[in-house]
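Chain IDs A, B, C and D follow the sequence of writing; residue 1 opens each chain.
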Amino acid sequence: MPKTRLEAFSDGVLAIILTIMVMEFHIPKGDQLSVLLPMLPVVGCYVLSFIYIGIYWNNHHHMLHAVKHVSGGVLWANLHLLFWLSLLPFVTGWMGENHFATWPTVLYGSVLLMCGVAYTILAKVLIRTEGPESLLARAVGRDRKGKVSIALYAVSLPLAFWNHWVALGIYGAVAAMWHIPDRRIERLFVEE
Amino acid sequence: MPKTRLEAFSDGVLAIILTIMVMEFHIPKGDQLSVLLPMLPVVGCYVLSFIYIGIYWNNHHHMLHAVKHVSGGVLWANLHLLFWLSLLPFVTGWMGENHFATWPTVLYGSVLLMCGVAYTILAKVLIRTEGPESLLARAVGRDRKGKVSIALYAVSLPLAFWNHWVALGIYGAVAAMWHIPDRRIERLFVEE
Amino acid sequence: MPKTRLEAFSDGVLAIILTIMVMEFHIPKGDQLSVLLPMLPVVGCYVLSFIYIGIYWNNHHHMLHAVKHVSGGVLWANLHLLFWLSLLPFVTGWMGENHFATWPTVLYGSVLLMCGVAYTILAKVLIRTEGPESLLARAVGRDRKGKVSIALYAVSLPLAFWNHWVALGIYGAVAAMWHIPDRRIERLFVEE
Amino acid sequence: MPKTRLEAFSDGVLAIILTIMVMEFHIPKGDQLSVLLPMLPVVGCYVLSFIYIGIYWNNHHHMLHAVKHVSGGVLWANLHLLFWLSLLPFVTGWMGENHFATWPTVLYGSVLLMCGVAYTILAKVLIRTEGPESLLARAVGRDRKGKVSIALYAVSLPLAFWNHWVALGIYGAVAAMWHIPDRRIERLFVEE
């Protein structure tokens, strides 16, 4: 099975997820700058989620670039990842409209956690298809970055009940950590 | 006529159908976990429809992969399938907001039935274009799985008036049956 | 300039136009079949517009298939066509919610007229780029079908004030006339 | 890294941004032509934003056509541009519903300014990747048009407080200036 349609479909879904988040920006009544003030938390959440979708698209792009063929299992592992990502617009809106209250922040973190888990599963399924000596397997290696992210999300959830700003700080830190596209893969390509 | 644009257009429509279902998740008032409880049926319906769209995309992907050229008739048979699939977000929302009441469940099943019929028509049109000796014709064969699905949907509709959980169980069972991508086609590719 | 991105962008816009029309189907209150009755005109309009978008996508597909290169003028003629098509969801919704009242029917026909004009302009710009001896120029020829459609739309507008069902009948008739993909182009490809 | 997925993803996001602006056209109550009158400013804003998205798509298309490879930095510079463009539907709706009042007009211009800045950054990152002797570097040259646009937007913002029609006139003039696709790049391609 060639991978082009998998890439095209994923790109389409990610592009739509990215863009429909803007539709949570309800146009306010009034033409003064002050009517936009209550929207600031919503916009802040949008920026965070936009960066997260960008990171996933970026790394998805890199990971599939290192892959030659996709099996039926890969298609479903990919859909599983898209499922959790598709919940981001809702949890982003809920967190923004409630000004980072505890439960919305926890739910947001839980969806990020599930996205991280789904991404790890996708990587594992891809490596199983490609083989342990493949370019991808060597590039991902022991996947320390992925494991650290999942651990950080898991830690952030109970912390959110104590202080949700700490949880939000962790979400931001994980994003920053991933912001740099997967240099492991990029390096390998240059070497060959 | 090459098939690339048909694939790209179908991918686009399916990606949008998949994603706009999330827009039925109206952000609730309040920041407690309890305000999300009434949304659970909607989320459940979303999961079922997400899997169905995934199955259709998956099998569409496999079927067109086995095809070389598309005729004008194929374009319309494909649009016919997309039409019925495009009704899924509406019936998903109606079923979810009414907690699987009888009529919404029947309508949901009817749309699934029509999707199944439209998929069968598309397969028939494709096989007519490709010829009875083609890779696709041999792979689809007597299409027992397609016929069984349509029969199950048809049976589920009257059953829904008696007990709608039975109908929902049938929808889930058909999804499970199709979950495994069409191994018939995959096997043939490997053999050649 | 290669034509792939023009095709991809047009496919994307058309796929979204097609799909967001479903979002006008507001989920009704109540779980009885009767609550869907008032939606029937909206669904009827959706079917008509779905077929129209299908026709445009189909013919756009055929026309660009016969083209080798696109110039800056083609990009803008194409955007102009997409602009008028993008108004279809709004006029479809307005006509459906007002049960085919006179003014909504006239506005719907006006948008169809402008789509027809924009398509003719795109064809002319493409033929100018390709040259009078090109495959496309010979296939489109004197473009009788395009001219007849525009004339029929123009006639339907005043008729709508007398009896809007006549206007709607004309819209349906033009759709039926175009339903068959442009056999002129298909024939030429087979001949070569 | 090949550039195809970057183009596909950008096309998808731009196509969605273009199309969801139509969703701000709320279907009015009533079937008389007069109920559409209050919508005219919204439609006017839509036309302006549609042309702007068209220009960005067009120039993005030309610029990436002149590029061979994309780095991680390019992916993020591109996402940064898409971020500002994604705000256009919101500011378009706010400006339209408030009939070009001062603050909405200023915000609209600010988003245009940031889009211009983001486009310039993307061009710089691309040229750094391609090298100073590349086709792209020679084509963009000193990028006078880009600098003039950014200056005009910056000037228009304070002017909007004095007379917002002047600001709107400037937005229109910049659009007209860019309407012609980047002939610098097109010329170079023909020469080679």
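Convention: a contact is a pair of C-beta atoms (placed from the backbone, for glycine too) under 8 Å apart; a residue touches a chain by one contact, two chains touch by 3 or more.
Quick caveat: nothing in here was measured; it's all calculated off a predicted structure.
Trainee: Looking at C-alpha means, what's the farthest chain from subunit C?
Mentor: A
Trainee: For the identical-sequence pair subunit A and subunit D, what's the CA-based rotation angle in degrees, nearest 5?
Mentor: An angle of 90 degrees brings one copy onto the other.
Trainee: How would you label the subunit B and subunit C contact, same or different, if same means the shared numbers make up over half of all numbers there?
Mentor: Result for this pair: different.
Trainee: Let me have the rounded angstrom distance from the C-alpha centre of subunit A over to the C-alpha centre of subunit B, please.
Mentor: Distance between chain centres, rounded to whole Å: 26 Å.
Trainee: Could you please state the distance in Å, as a whole number, between where the Cα atoms of subunit B are centred and where those of subunit D are centred?
Mentor: Taking the average C-alpha coordinate of subunit B and of subunit D, the gap between them is 37 Å.
Trainee: Please set out, as single numbers or ranges, the residues of subunit B touching at least two other chains.
Mentor: 8, 12, 15-16, 20, 23
Trainee: Which residues of subunit C touch subunit B in their complex?
Mentor: Those residues of subunit C that touch subunit B are 7-8, 11-12, 14-16, 18-20, 22-23, 25, 27-28, 30-33, 36, 47, 50, 54, 57-58, 61-62, 65, 179-181, 183, 186, 189.
Trainee: Mind listing the subunit C positions that touch subunit D in their complex?
Mentor: 1-2, 5, 8-9, 12-13, 16-17, 20, 23-24, 72, 75-76, 79, 82-83, 86-87, 89-90, 93-94, 97-98, 101-104, 107
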